[in-house]
Amino acid sequence: MADLITAIKKVLEHTDLVLGWTTATSTGVAAPARFYTADEAEAAVFDSTCVHNLAVHLPRLKDKDVGIVAKPCDAQSVVELVVEREVARGKVKVIAAPCRAMLDVKLIWRRFGYGARIEDEGGRLQVNGREVPREDFILRKCLSCESTDPVIVDEQVEGDGHTGGPPDVGGRTDDLKERFAAMSVDERRAFWAEQFSRCIRCYACRDVCPMCFCRDVCLMQTRVPHWTGGSVESRDSEMAQMIRVSHLAGRCTGCGECERACPVGIPLLLLMNEQYRLIEEMFDYRPGSDIEARPPMQTFSIETDLWEGG
Amino acid sequence: MSDLKLIGFLCNWCSYAGADMAGTSRMKQPSGLRIIRLPCTGRVNPLLIQKAFQEGADGVLVSGCHPGDCHYNEGNYYARRRLELLKRMLPAWGIDPQRFHYTWVSASEGARWAEVVAEFQARIEALGKLEMGYPGGDVVSQVS
Amino acid sequence: MRIGVFVCMCGNNIAATVDTEKVAEAARSMRDVYHAETIKYSCSDPGQRTIIDAVEKKKLTRVVLAACSPRMHETTFRRTVKAAGLNPFMFEMVNIREHVSWIHSDMEEATNKSIDLVAKGVARARKQTPLTSSTVPLTGRVLVVGGGIAGIQAALDIADSGLPVTLVERDSTIGGNMARLDKTFPTLDCSSCILTPRMVDVKNHENIELMVNAEVDRVRGYIGNFEVDIRKKATCVDEDKCTGCFKCEEKCPGKAPDEFNQGIGESKAISIPFPQAVPLVATLRKEYCRLFIRGKCSICQKVCPADAIDYEQEERIITEKYGAIVVATGYDLFDWTKVYPEYGGGRYPDVVTSLQYERMLSASGPTGGHVQRPSDGEEPRNVVFICCVGSRDESIGRPLCCSVGCMYAAKQAILTKEHIPDSQSYVFYIDIRAGSKGYEEFTRRAQKEFGAIYLRGRVGLIYPRDGRMVVMGTDTLSADQVEIEADLVVLVVGLNAAAGAGELARKLNISYDQYEFLSESHPKLRPVETNTGGIFLAGACQGPKDIPDSVAQASAAASKVIGLLSKGEMETSPLVAEVDQKKCIGCFKCQEVCPYQAIEEQTLPDGRLVAHVIESLCQGCGLCNVACPPSVIPLKGYTDDQLLAETLELLRR
Amino acid sequence: MGRFIASENIPVLLTRLATDGAVWAPAELPDSGESVVFAPWQPGREVVLDRFTQMSPKELVLPMSERLLSFSYTLTMEGEEMEVESAIPGGHTVIFGARACDAKALVVLDALFHQDPETTWSDTQYRARRDDMTVVTIACVKGTADAACFCSSWENGTAEKAGSDVIIYPVPGGFLAEAVTIRGTEVTGWDMFDDSDQPLPELDTTDVVDFDGLVEKLVTPGVFSDLDFWGRESHKCISCGYCTYGCPTCYCFNIYDEMQGDRQGERCRSWDACMFYNYTVETSGHNPRPTIAHRWRNRLGHKFSYYPANQGETLCTGCGRCIRGCPTGVDIRDILRAAGEHE
Amino acid sequence: MSTIAREGVKATEPLRPEPATVVDVIEETPNIKSFRVVFDDPELMQSFTFLPGQVGQLGIVGVGESTFAISSPPSEKEYLQFSVMKTGEVTSALHELTPGDKVSLRAPLGCAFPTDEWKGKKVLVVGGGIGMAPLRCLFMHLMDHQEDYQRLQLIYGARTPRDICFTNDCKLWGEVEELDFITTIDTEHPEWTGRTGLVPHVLEEEAPDPANTIAVTCGPPIMIKYVLQSLEKLGFRDEQIFTTLERRMKCGIGFCGRCNIGPKYVCVDGPVFTLKELRELPDEH
């Protein structure tokens, strides 16, 4: 184990660049950064505002040797990208960083104003110098996180977050998830019809997703085939989202970036989490957990796929 | 006659032929189902089913060759995974999974096809019309 | 675009339940429809003429026909449309007979449904594009797999047409199961008298390359252009040198089971299965050879006058190109021993299979044509035949009929009487299936002329008592329990596909059923074709059948092969997937799911690695279309937009 | 003499405004991660005036998607007839709770869409909406701007009045109202307002970006041709469309047709974003702006050079939404400053 | 800069197309068709004017519209002609049209060749493939006013004989003595007895004198690139050379934002540019 900067420098000896974070001068929170030299690496940070999943950049850097500072959940994306043959294992070095649940920076800023000063030390969260309950501002995805064990490690950065078990979320549960689970199908229908009426079709959910590798030729936007119209009516927006969700079956590792990126706060993780659960239930497959795996929708099993219709 | 809309996606080799067989054998069936012919259930994109629900289908039926009998050897094995996942995802989208049924009917199972159609029609009739709950009816809703 | 809609009345088949005029009227109000009319019988010559005339007069660019199932007549009408000067794929067929008129009785409902379906057809037709077939050159060579009577017949027929044929047989001789038979029903011809000359013909035919001790190892390519690896097994005998003098077999000290004789009698480690074998060459089986077991012997090498023995011989892989493949791998008897403990499960020597009995009856068999009880060599008096062992028996999961048992039981009963005039045959049967020409008469003769006693019912138990076998069964006609003391029991065992048929099918990418019988493409329309273009079936590999049917099917397969390869090149179906390489993201999900290895990688001039569909390999299943995340590998004729158009049209009506 | 409205009278004002047309005001919708968007106001719905909206009120003059035309085909004896009709929106719109930067953005957009039809084209739907609208702006008084704001880069900054009919200033117990237009005077004359002597509260100031010279600089080969520079500056960007959709001045759109059945349909337009690859890709597959770097170069060029050169207005009002909402923390000011300092 | 046409595009409803009807469809090549269309409003048809180089947004309502050069000359009052290569959704739909079908049209849009300024000069027109569409219009217009120009020369190239558009026109032009007209195909072809060679090569072989000459070129990007080099080699200056650009365009009126090259919008500031203007624009084409 090494400290972050040493680890990055070490990885830089064998790679072209390292994807990591540095402190944004205007806000004091972490912002994605690219380190090409050991000098640049001095500016690297890792803290509970490193919310971004930097694996999204890997497919675009295919021809480079890339190091990536990754939270345990980001590391899953790296694994799944390798499984999907979007990234060659030999070209990525994973610097696993410790995580004890990330902060919902966007939520803090929505409440307290953009750039509000965030200090998160020793389990105590202060915003603009005033202590607030940390658990209230934990990113929703972290509430369901089961393990902070990184699945793939080339360099492990020391820290207190990597517990192997679930992260410290101060006992909070995901009440939206629970509420959704308790809804009837009709209530869910109404829920989504309302939620998608807010969608602005900015495709941030897609573009921020490491596993959405179609990139520039995405079906959510094409006219041929004309799966969905271009309007922001909830019907069209929902279809666009159905395309995205369906395409991520067996790929989505549940990193939650889609939901975090959504500027109008559509809780997309409710769908992604459910699909993840089903993929595991049906195929005993957890995307992002096994680098040797074969994606479940790209194969079949005569012996075990024994469902019919219902 | 009910105004329920039922769509069936049938593989050409087994179920479509089975439906033909039911016809040749003059097996009376309820008339709600409208059949779309495909080469294989492996050609059925689950999105097509979701799209159908969005656009007013009250029930969607997919039928193909029995596992092991696929004209293309493997098509229905992939289809089975895709369709089963969709079926289990439907509740998350707020659609009763009962509205979607997939099954296997071979070219010789005309009688079984007639049963499948009758049962499916009865099931959807019991569920009634599907309301997707989208506001507005225009192609494009206007903000102001 | 200008669409014409034609509504077939099919005489009264459709018109009795569907108001066809109303359907045509509704079609006239659909967009792009410039013409709609009803036709009494669209498939008739005047019917097709009506369509052609309308296309020409109204300058139609697409045709929608509401009639019977497209499975019935789609190709017919594509030709019609082509005759009218349109691309044959600018045609859409709507099924208002099997799917409407014949299954509904309410005219209004049926009419409305027909209108919906026509609208769906019109919506789909709008999205059609002209499709053209491409052609692939064909390799004018044929591979026949299996050297039984079906393979022999197919090979000879094809070779006679001038095409070079490779006949691959995994045993050391051709002839297959028919070579084991003594006589054939219903004529009681001597089996080898029919077969042997055909075998010799194969050997001598200038267009046939015979490859025994060989198996298909791997198959790549596609119709017209298969590349096949053939594994030529090491037999320690140089087939070119061996003269078939039998000296090695005579002197060989190594005993080995006699497979040709079905375990009746014994063979040697180096042997020729039977005197009429073709090719007449010896084969050494290492597992029984003293040299290979104990490291010392080489007698055969010493005695061989032709210097044909080569202990160092190695297995070879021979790779050849073929335009078509005929599979004629035949059958094996079903292994009855595991599922019929009540018949002794193989423990009683005097309970034999029909094929073993056949060898006993054969003059060339191990007993020289003398029927003997295996246990003591005595001539039997009472011989009991039990039909449907492993056939028509749902309790063991084998509901199929072996289709030959009734006939050969009758034959063997007759032969038994001929061999042992004072014998008495009993035949336990379920139904007598004797459907072909002369068959029914034949089974009657067995009973009337040869005195075979037929008992309708199953045998429940066989057990030995005082040196004889007690057969206990039920005569369901009299409802009596029957007990017969038999000297010999012959089980009329059902047929399975030959061992390894399923494995071969997987190599060939063709389908097969639970008994590993290979599946034909369509039982009536394409009975000798498989689902993989260029691969044909002949004989019992496709399902239980007798010699006449096998030969007929082999000739049918041969004619299909000759027809296919006579053109030199072949049109491929245009209903295949096609990659839009501009938009391909190179993820190769398509390749992973393609059952036909029809997708290859291609590097574009700009360096991008993209997918490409080998048209002649693609069978048009559309798996790739769905697997492709950006959906840029549309299956022509079934594109996303076509399916969407159909779906939405139905829903928006 | 100013006018004052008590906080509890805001619903009264909104009710009165609603009699003229649809009132859109910032609201937090349920299960939306506390995002605030402009939503149709209805009695009982809380108006959120103390937080920034994620979306700008641009959508009320240029909706995210709207109908441009409706068309229909009819079959006659002579053949097919086609009718095409412009869809012209009707009805008054009230934007309540815009910020000065949002209101100014409307004026910036007017420069393109609402030009004099005597001399050039004028956008049918935009004009119809813009001509029939009331804008009530909430002033950014001391302590209400945040670190993403940079409207002070322009001369008027938070004191910008262009585009507003009425500006309301939060004061203890309510709001002071300043009428900017005749319509503003009419509104503030209503009886839910009282006269007040209170002085207007002090306004906030924000970050300042100096983009002097960028009009020229962004088109000259130095910065323009340095694709490495643009690549470096945009490395975080994932090419989504939020910065343009949230932007009160980004106006690019797509036009497409949708059929309803086989005889009628609509020609629509929806927002499009210069950050999308699809935006410029040609049918041949060629794309003049294939990478994120190209697209950033165009985005900045368009906002700070091309539009100013063509329309006389900077296509930015410093609202900071693109900064606040960027999922990957891209700050347009960083890139502007870097471009300013280039070479 | 753009001129406001009151006829086909209303200033207050610039995105609303006029209904028009296809009167003739000409199959030019296997993937190019020319459509002759007339506005359904007879008054509009009568009063409609435009200049060579201007474009129209031709489309099918329900599918969409695309920008195409008007390939018939302004003197042609009976119809407007557009030549369309089948490439995408809209063009594929257009290719399905038969006479009597309805189309939508917004025209004229964009700026024109300044043919008035060229009076008294020689004009050299170099076209390739479908790029001949705007040039056909231009060339026919120049021929209509032949007396105003010193000399007219046209070099037109296509890949194979089957890719030559406007074959009837070509035949006609070949018969006019005062014209310098060359058709060429890229390489030898059994169906072709005429000239062969790539357009830039033929151009260099012909070596027209740049003095008092305007050169206009349009064709596939790669051809344009080499033609420009050849022209330069022959001594043409940037301001003597005109070309028309293609871009993805939607609105055609400079609103929707995508067709810009720096501050210039191809749809309103172009599609006609001089090489000099192009060189002054940021390098992003």
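Letters A, B, C, D and E mark the chains as written, and numbering starts fresh at 1 in each.
The criterion applied here is as follows: a contact is a pair of C-beta atoms (placed from the backbone, for glycine too) under 8 Å apart; a residue touches a chain by one contact, two chains touch by 3 or more.
Since we're looking at a predicted model, the values are computed, not measured.
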Identity of the chain that, by mean CA position, is farthest from chain C: D
Distance-to-centre winner among chains (Cα means, whole assembly as reference): B
B-C against C-D, pair bridged by the larger set of C-beta contacts: B-C
Interchain centroid distance [CA atoms averaged], chain A/chain B, Å: 35
Inter-centroid spacing, chain E versus chain A (mean Cα positions, whole Å): 50
Approximate Å spacing (C-alpha centroids) for the pair chain C, chain E: 62
Per-residue overlap in chain D, given as positions that touch at least 2 other chains: 64-65, 73, 254, 256, 258, 260, 265, 268, 270, 281
Numbers and ranges of chain C residues touching at least 2 other chains: 583, 593, 627, 631, 640, 644, 652
Per-residue multi-chain contacts in chain A, two or more chains: 191, 194, 215, 223-224, 227, 229, 231-233, 297
Chain C residues within the chain E interface of the complex: 1-2, 59, 61, 129
Partner chain D, residues of chain C touching it in the complex: 29-32, 119, 122-123, 582-583, 649, 652-653
Touching residues (chain side chain D, partner chain A) in the complex: 29-37, 51-52, 54-55, 64-65, 146-148, 207, 235-236, 238-242, 244-246, 254, 256, 258, 268, 270-271, 273, 276-278, 281, 320, 323-325, 327-329, 331, 333
Chain C-facing residues of chain E, complex: 92, 96-98, 101
Chain A-facing residues of chain C, complex: 583, 585, 587-589, 592-593, 627, 629-632, 634, 639-641, 644
